[in-house]
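The same chain A turns up in both complexes below, where it pairs with chain B and then with chain C.
Now for the complex of A and B:
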């Protein structure tokens, strides 16, 4: 009886192991979409090799490879030409390498996420000169804070926030060590305050004050007479 | 293998095992199909909450995107996708998912609430308000919807309605920090200064370390109330209840001791920080001196790594002049504490 039960149990466990799981994540390898694009005649064998070589080169340079794979997948899914995908990957590689070098100044060791955030910021409107300048601030900020500053500045540039005011805010943020990741949302505060007729200079002044307090954009909104919302978790529970 | 991987591995195997065991319990279930769907629903809920609680929106999105593509009419899957997109700062991507969730489950107050949050992010205040109102028509005591509807009203300058809603939130949860704070803001706007001060004192006593505390102190100071003050300590301003004493003595009150204990904690954590302690007593320099020394003595504790040399006491037999919001205030008796700048 016991032996029969053991056999049944083993059979059950083997079957359980083989049954497809409900949370299996789709394989993200690039092979299949590359092959499919070639089969469809959208990509030459040379372009496919160049795409793979570009990703390999990024890896060899110690850059985080996941965004490169994702970019190529996105291009293939959108049926972008092979040349355009290769060009986009080359731009990314150059931006990430520049960002990694800027964030590594003074022997600092940026994480892959820091490099991605700062590298993508260059694509989103931050100039290399601006990133260089921020990396040279004294006292030196952590790579994570610099990456946040890069993203914040890129987004502020995109909404045409005056460069001098951006400088004031980010200099204060990096000096105080209060530039949390939430500050990347500062451009949304600017959009909202402009809608309410509040001048950019008033936003910058309040932002430097809130950074001195160690607060974030939600507190900045309050300081400017508006309220914030938490988009990540429901409010209503005491924060004690 | 990280905790998330272990969690997913365990959950996967539980589900696999349950699915295999189902034939044994099928008699107890209405149908096999319903049972599987029910278990999957429970699983989606547990896993979705897991990603939300962890704040790992990218992984949540990656896990749920294929599922919602397979089951586009599942309201819960659409809801979680909306939350992941919203959490990942992609409100435009979140909107169609939350709208679908609302359409598929119109009686769910939470879905309506998150639709409101999505509209706020997209700067559509009318649609935001409408979503919260629908949420409240389903569940009038939905705390989050009441709170954010109050915020919506406050942003529009509809102060009386905002006040009523904040009062309702505080009836549901007397310690809700945003409602406590913004109730004081509304009262300030309504020029009900006395009530504003009471409300802000209540907030500061409950949440002295909150980022909004400094703003609360500025509001009180602007109204001429200096029972709380912001003190520059290191790279931060710290909101502290005023350091006061039993009348005519250098004996600290219990509230003052609590404030000074926070100062000690800050000094203990920040070993490079030194502070000035300046006591003012109009017309009594000797008492001012004793008070400055009393503060130094209370804060200094070798066991906390805070020697008395970390605080430099000074005293004046004259009142303190404080500038607040462009106006000058004179305080007959006070103690000011702030960072001591080190000479190079």
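Now for the complex of A and C:
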């Protein structure tokens, strides 16, 4: 009896460990909501097939498939039409392909995360021309730095930061190699400085200086006379 | 019950009685009558009796024999189940923040809503486990959770059908469906100064 119990448990564990392996987890995650949407009459069988085909095509083109599955899930959760989901996936595929090509310039090999960050930046407000221009900077930056630059620029565009000033900051950042991921939050500094009445041009000047010295946004805040603190830590306690 | 010592007289009486029995005719339905009496006298296994047996079974200490392999397998099953539970139900209240995650509180003012959930890139746009708690006095819906560092897109799903962007979000982005998603930037330790 005990032996049979053990065998059953082990079989269960083996099955649980095996399932996520060979089965495409992302595709299977979409199966249930697609079926539910069809049962509810919100999606035709043709739309469901077209959605799956669009995701398969992105995968076949070597693009990271997780964001496509997530976008389809988002559309289903928001109860938009099947046509709208297919259109969104097509736009996304085009953006990601463009981003991948821009980041690959000069034989560089962007990671899937780099492609996702740069591709999503196009949806956030970055233009293709701006991404192309940054990819052409000399000396060439790494794909990770380019992706960060794309994200930073997109967020600055979203808060209507002057394009010329953004150019100056990002050119300096890419040239110095100091454009760390934290700089993607530069738009937050801009929002804070605007609340404090500090002109955008002053922020740009300070940012280029800090980037030339290899600093980050925290130093920029101090340079501008603003300070920030992680409220989860005691005052004066440094971050680890 | 009275127990009397057996004597020669009582033995004789018993032998005599037994001899008389041999001459008696019990009748053809003797067996049926005996069984009928036995059936009527037997205690009925009613619901109360069965319940008592269940309680007794549950409360009585027992020894369970499990092989070491079976014990390890059972423990692994338990861990797997716990892992799946915490993976699928990320929302938590008043708990310690897991390592590498930052505490986040979502707030929406929607006094007339019947139900509000947060859906976003961090939970696969699914409402399960992400329903917000309502304070009827203020009309505020809140949910406290922990998210990994990075950029997350989200909306509030009101009454299961209506997506609503977060007016308090620092950024919003085109969702590709003709509407917008709110953007939440969760900072890591290095970016905490912002």
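Please note the rule applied: the second predicted complex is superposed on the first by the 201 of 240 C-alpha atoms of A that agree within 3 Å, B and C clash if a C-alpha of one lies under 4 Å from a C-alpha of the other, contacts with A are read in each partner's own complex, and residues count from 1 in each chain.
Convention: a contact is a pair of C-beta atoms (placed from the backbone, for glycine too) under 8 Å apart; a residue touches a chain by one contact, two chains touch by 3 or more.
Since we're looking at a predicted model, the values are computed, not measured.
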| item | value |
| --- | --- |
| Touching partner for A:77 - first (chain B), second (chain C), both, neither | second |
| Contacts of A:177 with chain B and chain C, given as first, second, both or neither | first |
| Which of chain B and chain C A:164 touches, first, second, both or neither | neither |
| First, second, both or neither for A:185, with chain B first and chain C second | both |
| Which of chain B and chain C A:88 touches, first, second, both or neither | second |
| Partner chain(s) touched by A:123 [first = chain B, second = chain C, both, neither] | second |
| Which superposed partner A:223 touches (first chain B, second chain C, both, neither) | first |
| Contacts of A:214 with chain B and chain C, given as first, second, both or neither | first |
| Set intersection of chain A contacts, chain C complex versus chain B complex | 12, 16, 184-185, 188, 191, 216, 218, 227-230, 232-233, 239-240 |
| Contacting residues of chain A [partner chain C, same complex] | 2-3, 5-6, 9-10, 12-13, 16, 29, 70-71, 73-80, 84-85, 87-88, 91-92, 120, 123-125, 151, 155, 158-159, 180-182, 184-185, 187-189, 191, 216-218, 221, 227-230, 232-233, 239-240 |
| Contact set on chain A toward chain B in their complex | 12, 15-17, 19, 21-23, 25-26, 175-178, 184-185, 188, 191-192, 195-196, 210, 212-216, 218-219, 222-223, 226-240 |
| Residues of chain B that touch chain A when the two form their complex | 8, 11-13, 15-17, 19-20, 40, 43, 47, 52, 55, 57, 62-63, 66, 86-87, 89, 91, 110, 113, 117, 120-121, 123, 143-144, 147-148, 151, 154-155, 169, 173, 175-178, 181-182, 185, 206-207, 210-212, 214-215, 230, 232, 235-237 |
| Complex contacts: residues of chain C adjacent to chain A | 65-67, 69-70, 73-74, 76-77, 80, 102-103, 119, 121, 124-127, 151, 155, 157, 161, 163, 170-179, 183, 185, 187, 189-194 |
